[in-house]
Amino acid sequence: MLLAPRSKFLLIGDSVTDAERTRPVGEGLFNAYGKGYVANVEALLSATIPDHAIRVVNMGCGGHTVLDLKKRWQTDVLDLKPDWLSIAIGINDVWRQFDMPLITEAAVALETYAATLEELVVQTKPTLKGLILMTPYLIEPIKTDLMRARMDQYGAVVRDLAAKHGAVFVDLQAAFDDALTNRHSSSLAWDRIHPNAAGHMVIARALLKAIGYQW
Amino acid sequence: MLLAPRSKFLLIGDSVTDAERTRPVGEGLFNAYGKGYVANVEALLSATIPDHAIRVVNMGCGGHTVLDLKKRWQTDVLDLKPDWLSIAIGINDVWRQFDMPLITEAAVALETYAATLEELVVQTKPTLKGLILMTPYLIEPIKTDLMRARMDQYGAVVRDLAAKHGAVFVDLQAAFDDALTNRHSSSLAWDRIHPNAAGHMVIARALLKAIGYQW
Amino acid sequence: MLLAPRSKFLLIGDSVTDAERTRPVGEGLFNAYGKGYVANVEALLSATIPDHAIRVVNMGCGGHTVLDLKKRWQTDVLDLKPDWLSIAIGINDVWRQFDMPLITEAAVALETYAATLEELVVQTKPTLKGLILMTPYLIEPIKTDLMRARMDQYGAVVRDLAAKHGAVFVDLQAAFDDALTNRHSSSLAWDRIHPNAAGHMVIARALLKAIGYQW
Amino acid sequence: MLLAPRSKFLLIGDSVTDAERTRPVGEGLFNAYGKGYVANVEALLSATIPDHAIRVVNMGCGGHTVLDLKKRWQTDVLDLKPDWLSIAIGINDVWRQFDMPLITEAAVALETYAATLEELVVQTKPTLKGLILMTPYLIEPIKTDLMRARMDQYGAVVRDLAAKHGAVFVDLQAAFDDALTNRHSSSLAWDRIHPNAAGHMVIARALLKAIGYQW
Amino acid sequence: MLLAPRSKFLLIGDSVTDAERTRPVGEGLFNAYGKGYVANVEALLSATIPDHAIRVVNMGCGGHTVLDLKKRWQTDVLDLKPDWLSIAIGINDVWRQFDMPLITEAAVALETYAATLEELVVQTKPTLKGLILMTPYLIEPIKTDLMRARMDQYGAVVRDLAAKHGAVFVDLQAAFDDALTNRHSSSLAWDRIHPNAAGHMVIARALLKAIGYQW
Amino acid sequence: MLLAPRSKFLLIGDSVTDAERTRPVGEGLFNAYGKGYVANVEALLSATIPDHAIRVVNMGCGGHTVLDLKKRWQTDVLDLKPDWLSIAIGINDVWRQFDMPLITEAAVALETYAATLEELVVQTKPTLKGLILMTPYLIEPIKTDLMRARMDQYGAVVRDLAAKHGAVFVDLQAAFDDALTNRHSSSLAWDRIHPNAAGHMVIARALLKAIGYQW
Amino acid sequence: MLLAPRSKFLLIGDSVTDAERTRPVGEGLFNAYGKGYVANVEALLSATIPDHAIRVVNMGCGGHTVLDLKKRWQTDVLDLKPDWLSIAIGINDVWRQFDMPLITEAAVALETYAATLEELVVQTKPTLKGLILMTPYLIEPIKTDLMRARMDQYGAVVRDLAAKHGAVFVDLQAAFDDALTNRHSSSLAWDRIHPNAAGHMVIARALLKAIGYQW
Amino acid sequence: MLLAPRSKFLLIGDSVTDAERTRPVGEGLFNAYGKGYVANVEALLSATIPDHAIRVVNMGCGGHTVLDLKKRWQTDVLDLKPDWLSIAIGINDVWRQFDMPLITEAAVALETYAATLEELVVQTKPTLKGLILMTPYLIEPIKTDLMRARMDQYGAVVRDLAAKHGAVFVDLQAAFDDALTNRHSSSLAWDRIHPNAAGHMVIARALLKAIGYQW
């Protein structure tokens, strides 16, 4: 597995990452890791390879865009000194363009998204042993859906940044596209964004496979 | 307007109709009509043509299919002796085929849907001054979406029954398709089913236009 | 319609405007516009002319008088840079004279009301593309009722200010008087102030008609 | 005082009487008498003439009409064997004609009201040492208000029944008309029906004066 | 009545005065005066002599001693500029000596009580049109009860201060002693301090009689 | 200790015994024994002589008199087949005579109390290995208090029945009288009935001493 | 995998299985499968092999012993016609012997446990395509712990029954023993019974491995 | 008894001491002492030797380690000027090493524990009349349990510090070992740390015996 034993693994993102984690720092006893894919990752690592002693920290915040991440980057990422960092951001950057189209300041344009995310990557990469970038997604197989098409543009930004900066790339959109082969999106998420338990496991598995975890 | 003055107008359906109406009968003081299109219809009629004295009754129930309607038809429709009746059912009949595909008994197949709905129409039409049949819908403009395609089949059943039995036909799917010309579905309903306030107004207007109401 | 496409339309007032809107700013997802006439206005605009892209913002606050509005004018109106502004204030200015007659500092005298409202109008008009002034009201057709008589004096101030400063004038008292032709006040509001759903629709329609909206 | 020492005094009525009394029987410790005029009556009798040992029982029920009283008369009046009985009913019988005019079965027509109330009086008077009949009221001094005018008709029924059957008559409408000499209705009750503390004291005093209580 | 028309009448004290009044100032709509004797006083004045326009303000605070009163005297009495002031304090000063005898700093010794209360009287009397001093009490007729005996000492301080400074004196202990002639203390207050509705009426009547109020 | 190892010890009574025990049967995990003297007894026995394996069952019910105990005797005592039984009843039988003197059916007269308690004793004694009778009490040292005097009469009944039927007698009144030597009743119970933690320990110790328990 | 595609897989047990599942039947939308190992199993199957269409049903009930299972076997197992059944019972049968040793009827003796479990197996096996028996466990590696030793006896019964009746055997105790190699029990469950997320994953993996599931 | 009459006895510690005590200072009316051993100690002292007038103050805080105690030592111990002080700390210092082994900063290493505790003792001892040091514990009789073994090391520190600084030593681990002779740990605490009522009594008795209290 890419993560060396005793790594501190911090995962940051939006509500999909958050999933009711504990504040101010999402680690410890009693569902501190939330109810989503971070909890799955922590439970799988802790249950199957406890000797690796991977320390998981969930720093997701519901509703956040990349601009919100930037505001709390110092306290919520740098100060916590992770060895590995996973960033999963962009869904709200896009979604607000579609669900509140008139409130334009709530969304984040593609250029701003790309520049801000790269700024965070450049700032943080040197402090890390490893960086994981996960794409935003819409759990919708029809690529002509306007929001799916836009999300794919943001996902391409993530793919390019991962390649440019040597980060591990996790294509969550592809993982969900694959999961949708035999099912309708509503069986994974009514709103095509917030996954049910099965949907969170899709994310967890994509992430874990990308870092070479074996069950 | 089609409804004669002093008509009693009962609207039955699923959660879209229900919208937190009062139990056991959805009429009276204090949000008795719920928070959805039925409340809009009642407020518009009451605010603008109070002299018509149209009495509105909301008998929607969240989660119901046409089979659930049949079980409560005597107490919730016939016993209340409406002059006009609106039926908006079918969303759950279809949705359960997609969000819980393995629990097959939770959904209603097309033939059962058609037969049961017609049975209710035939039983009730003679007691009414007017009947309105509204199609189920998915707030999704892409007709190749599997659930949209299926929903259209159920909507076609409603269209045929309306024509066959002389009911007023309200094509809610068409109303939403029209509303989606300049916007994404997520601005009307995150889950493409439960409308926000604007989405409920789309339904209310489609219904009111069909019965000849003028603002 | 008077409002040009893509206008930002801010509505300020008391509890009738507020109606449980979101804080600090009443716009966005999930009933952010409250449950009253502002929500009706937003739903009607959004449902029927989404291409006009009118952005609605609800800044009502329960219990407020014109003096309370003045205190929060900078943050709650000017800073939000609306194109159009609707002001509906005065009910509490009058009501406190009658429901708590001994606590004289809680009410606002006619002269203070007139001077303060004009001050806000003069300060704000130049920054706007359009201004709407709505009268306070008592849902009571008998004009000899002491509070109704007093409310009419405050309404006259609004009428005069609208004429003097070229604002769109909405006579809510007249709208309710009209609505009361065939009904008792208690069918619109038990306390003759806080409307039920039908009463809020009366307000919404009066406002929308004044700005040339067509259903 | 008319009530002999050690009398059991039961008061029945609607929400004005109820005022959050204890169920099933409104007497005993801890606000069992509610928060309205019955509690005032009990407190005044208990505080000032405890040696008279008047036992007070509150059997009001919110929303009730005279038809609702009839349904629970056996258990809630006769079975409790009061010495004195006060009946204050009729507000909802009238109100529903005005606040829900289309739901006609919710109100009670004048003839039905008169006949039912007389039936209860005739049935019960022989078992009592004294009967008190209180008029329904609207806290509104303008007698041309439609609901006030209708309420006065119901009050006249009470007056006539009291005279015919030798009951103590308490004209609550007159008591409130008197209280409104120097004030607006909104200082006693926003909805002109449910009194605040001062309004409940108006009722309590009218009742106590009628039975010859001296402070 | 001693209070001239349009007097502002402020009542300060402990939990018996407080009785769940509104914060920060106990006056206005919706039970602002609490559920105790202050509410009774306000309701009686408002219901029977509204033309006197006596404005009542409840500034009681549960658990307070005279030292607590002193700390909030500026904001809670002087700043509110009452015409008449009623002070009812001392119960907790004594009670803490008996229910928490080891936590000696929680109680107030007799000398401190006397000096502090006189300090407040001297400071405030010149600003008032009238001052009322009410004794602390224990609803217990047996004067050899240790707490009753101690309470009587504090009551004597109040009596002396009233005489010395020309205040209206209300002997609440005497009022309760009188009320206990035909009953046990438990019918007025289980803990002999916090009165039920009848007990609060005993206080209200004693106070109102002392200022010459006629029912 | 009187109770043989492995005895099942059931304690029945009113709110003092109940103390928020679990329903339907007060034994088991998680505060099942309530927060009063029964919990103390259970904790002391369990902590110090677990090898005796005394099984404690709390069957107290708040507000109960001896007549209420009789109604549930079969299910709440006999069916549970205790080896030892403690009965602590009578407080409400007396209290209701003083706190609600007019509601005479709520209290239990001395003769009824004596007869009913004896009936329960006679019925149950043969099924038991040991019976404990505890007196009702008022935490009040002044024996001329009317309620204390009455309570002493009921306590005397218990004493006589214990002597007559060979039951262990626990004089709770005496225990509290002793505890009041150096303190006021308010430091053990504000209402002189419901003890605080120290007061419950007084009861527990009196009971345990009577059965020969050594700490 | 042992389970054929489209199998209905019912899991019954105690609180570890239950984990806040939906009532009356634990399947469907919105966390219907609870928060424990059943949810993990469902999520893993649904996320990774949706084409197998395994239908999972959680029928665990907190606190239950094998005797409780027997009482609800008809409605909760047989009537639901599962293809595969997993039984995980015995923890409470043993635990009650240690945490409430005096309440002997709350626990289930080894012989009763063995006989009852076998009765259920014999009755149900013929209706199934496959049966899984999971051992009870204590997350405690020291086998001389009295409760661990007893639990091992119950686990041996399960092992024997599995062998005798051809059921798939899942040794949860062994799975936890393995998981405890590098950690203390408190990192998996404070009370050594109710697992945290990692502990539930231990169970899920043991079960899935036993049926040949590949991640 | 070691504590002289009128001593102020402060007990500080973690959640076992805290037990839902009142904030900011754990003394006074209404369960201010919490629900644990401190409440037992207070109740026993207050019930049996009230003339000693021992004033008990509970300053426990859930989750605290010795480092947390140090942070609040000035306000929570020194400022309160106790005569006697009991310190029961160390459980969380150890537990965090086992239940969250990766979050190493949450636990306190043995050397830090010893040095910090001694620092507090040295700082405080001169201000006290007496100091009590209680060991941390695990309610687990098997000394090879890793956490028990570690806890014993911390307990040895306490023992040594008590001997070195002349403090009263209370070996809670020994008290629980003794209590476990005839029972399993689960009958005293499911998680082997937080005692039930019997377990708290074990602590209370050990403490009281150490200071020479006689029941």
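A, B, C, D, E, F, G and H label the chains in the order they appear, each numbered from 1.
As a convention for this text, a contact is a pair of C-beta atoms (placed from the backbone, for glycine too) under 8 Å apart; a residue touches a chain by one contact, two chains touch by 3 or more.
This one's a predicted model, so the numbers in the text were calculated from it and none came from an experiment.
Engineer: Moving only between chains that touch, what is the shortest number of steps from chain B to chain F?
Structural biologist: Each step joins two touching chains, and the minimum needed here is 2.
Engineer: Validating interface symmetry: for the copies chain C and chain D, is the fraction of residue numbers used by both over half? Same or different.
Structural biologist: Same: when the shared numbers are divided by all numbers used, the fraction is over half.
Engineer: Once you find the CA centre of chain B and the CA centre of chain E, what distance in Å lies between them?
Structural biologist: Here the centre of chain E sits 62 Å away from the centre of chain B.
Engineer: Please compute the C-alpha centroid of chain B, do the same for chain G, then give the distance between them in whole Å.
Structural biologist: Each chain's C-alpha centroid was found; their separation is 44 Å.
Engineer: Report the inter-chain centroid distance for chain A and chain B in whole angstrom, where each centroid is the mean of the CA atoms.
Structural biologist: Measuring from centre to centre gives 39 Å for this pair.
Engineer: Which chain E residues sit where two or more other chains touch them?
Structural biologist: 29, 99-101, 183, 187
Engineer: Per the touch rule above, enumerate the chain pairs that touch, sorted by label.
Structural biologist: A-B, A-C, A-G, A-H, B-C, B-D, B-G, C-D, C-E, D-E, D-F, E-F, E-H, F-G, F-H, G-H
Engineer: Would you pull the chain A residues touching chain G in the complex into a rising list?
Structural biologist: 29-31, 33, 35, 39-40, 42-44, 46-48, 50-51, 179, 181-183, 187, 196-202, 205, 215
Engineer: Under the stated contact criterion, what part of chain A meets chain B in this complex?
Structural biologist: It comes out as residues 95, 98-101, 142, 144-147, 183-184, 186-187, 190-191, 193.
Engineer: Taking the complex as given, what residues does chain C use to touch chain A?
Structural biologist: On the chain C side, the touching residues are 6, 27-29, 53-55.
Engineer: Where on chain C is chain E touching in the complex?
Structural biologist: 99-103, 106
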